[in-house]
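Here chain A shows up in two complexes: once beside chain B, once beside chain C.
For the complex of A and B:
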């Protein structure tokens, strides 16, 4: 018999789902952002760079609060979504948004490191051999950034698993609906005899994190061997 | 191939001002590092945008600031071989070779895969990755990849600089062979005059962003003789030795050359500095140098205070270098007969 209650299992499932969806949804945007930062020159690049990295330095609670202002009923975006009959605040999608915003700079940074390590001459060679920019992108830049993409995705997934501050503000802590592992641990720690369960969920978080790191190492080595 | 470049480009204090028109199939661009060679070819390939000017290749305008023309690199059909092989590390040798081939429209394809692979001796390597190949193999794949794109011009940007001397002279026959076989004109960039003489028919010399000389590599070598540390380099393609009696014996025209060092390849390519030749007015009675060549002076030239003496030895030519006083004392002038003494150890094998 499982030591976890159905709501604990929900929290584990939700954490995994939120982290996975946040990573997958952010990946194309993160890739485009890293590409723009690495290969394009334009005015205001520094400002964009600061904006992308801001969530890395801001307290997650601040991010959560700003998201609440933006996505809330009276918020600029929330108002529009409300008119379209979409409500995000206090749903699991809000947890995805919170995780995506907090983890985005980590994703972009890792992909960018991968892209910056690509020898510029390979891109020149590809162009002089007749490849247009999108051809070079898919046949040279994407394959040679795979390690960075993998590292970024792992980091983002792991960061999303641990996301607490922004999530609790924008998604709340509703068991079975928006309660992820960190939020469930928070509840157990605050209840008189929740120590055992808090520890069990901590162990689950550790196992999940280790799994991500092992997978990252495994695929990273595979890619390195191929190169 | 006819190339016309009238361009300006500034990078901070550096200014490149190219203004020339050149015709030929084997063009060299010579200059020390920082002379603007790389910027020039970057603009020709479409990888660097000029500040102003025009580029025309075989009558087609590739770039014209005033005319608003800027054909992107991928549509110029100008392939490049770089100093480093710059092969795609995630692709096999075969897929590296086919990268440009697949992107070349069928009506422009002039080079077929199989013959090229044979010329470059790549048959055994096709299914291997590129990261475990030797330096020479990688550069051969890079040459093949560029040639298979059937470019109308191939730019070779110091393709031999990263290779050691032995490998360099092994690669040169592939470079010239493959371009000659498939009729691809090339622009060869180097800071080595010796490479220029082996690769190019016409040389443009750049210095500090300006074209300073245009002519044959031999003319350039003669002009630089006086201030070059190795003087003028006489090149000998001697083939296989005809005998070996302690020294390697080679046929050179209707005479024999005795050389200490063994040849490095079947081509038997040797160099001899103009400074390693001693000239005699009369036949010396006894001499330790193993080669005594009789020749007639066909021309003399001045270079930085030195006198270059071109001797005709049968159908072959030899250039020796003497100081001005010696030229006067020996009364060296066109038509005079001289003896050139060369030690067997003065010949240096190249490849």
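For the complex of A and C:
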């Protein structure tokens, strides 16, 4: 692939890494959140639901700016981390945080769809047969919502691959270090002589997105067939 | 009938918007981000004294602006922070060659929060994060890269460079303390409160910074744009530029 410069190849690798880590890190939290929203009843559930889904409708640039205020050197969390010698802003981990926040609602939604399709009688049956709550969780709920988990993970992975607005604010744009595919494209798009490279990277992004979305469709269909 | 009526309405609306545009006396100005305050000042002052004329200002990295103009963005006057992007548009016949002039000059400085002491280019490797304008489209970044190359800093420092979309984004990063320092223009430092100028980059390390400008073919046809363009080169405008810290050559 000689059309890409080394920093472009870094961008492709980095995007994949960021999307993968963001998805894996979010998965346990997404699962717990979906579980709580599907099987538990409590006051203020609507509020929680709105809060979880908020990143879906907020402009990503708002999320990026709020994260910068939170995690920046003078932010209240960033200040504490700074004293502990941890820096997040302008590192690839910041891109992970941005992607995780933006993609989280998609993950939770898909897992919920998977969980809601589980026949309640199976859960009741397992409990009456003496299963503890964690037995029920690992032998009934997890296996039966697996398609939803896979569908949600692939969707979140795809969303993370494309994350731009929040990422450019908190991850900066350091070629070879924090420059993901969308940031590299933005750099080329801004430059009159970058047309060819911008298009080459756009093609890469399209191919990656198509692959992941086909995968997502595949899981989604299996989920639908089960009903 | 319904479709005809719709088509008629659309034609009417479209033609009305064209008429409105022609009447408003709008001058479309695309200019380097570092000129924001001074051109806001000049543009607003001009609008006050010239009724019916409106200076619409579009600021950004010079390369990004050149690309917008190349792709048909409305622009009458283009002011770049570097020669490259003006030449680029001249090459595409999108700048009227006869109109080209220089608005002002500037100097490159390094700003930081002072937590790490830097007195010159040789101290930069001590820093962890340095913001520059993306050299692909921001002249301030190109000048910074030149300076670092001439100071033999480039190879080990490349992975510390945060590429900002324009010089003002660099300044914001330095002001917020998210980077240890940033390359910006001397005139930009008037806006910072927390960050301060650590050193002036030695002029021998980068090509002289000037703001070349020109009228687009559309602008050259527009009387209001030509008059405003002349005003930018007039003594009163130069006085304002000087007040904002820009360096002016001989008339």
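Following the convention adopted for this analysis, the second predicted complex is superposed on the first by the 212 of 227 C-alpha atoms of A that agree within 3 Å, B and C clash if a C-alpha of one lies under 4 Å from a C-alpha of the other, contacts with A are read in each partner's own complex, and residues count from 1 in each chain.
The criterion applied here is as follows: a residue touches a chain if its C-beta (ideal position, glycine included) is under 8 Å from a C-beta of that chain, and two chains touch if they have at least 3 such contacts.
Note that the coordinates shown come from a computational prediction; the quantities given were computed from them, not determined experimentally.
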First (chain B), second (chain C), both or neither touched by A:174: second
Touched partner set for A:140, first chain B, second chain C, both or neither: first
Partner chain(s) touched by A:127 [first = chain B, second = chain C, both, neither]: first
Chain B or chain C, by number of chain A residues touched: C
Chain B versus chain C as contact partner of A:89, first or second or both or neither: second
First (chain B), second (chain C), both or neither touched by A:217: neither
Of chain C, residues touching chain A in the complex: 61, 63-64, 66-67, 70, 85, 88, 128-129, 131, 134, 136-137, 158-165, 173, 176-179
Chain B residues within the chain A interface of the complex: 45-47, 72-80, 82, 84, 86, 88-90, 99-100, 103-104, 129, 131, 145-146, 149, 155
Chain A - residues contacting chain C, complex: 68, 72-74, 87, 89-90, 168, 172-177, 179, 186-194
Footprint of chain B on chain A - complex, ascending: 119, 121-122, 124-132, 135, 139-140, 143-144, 226-227
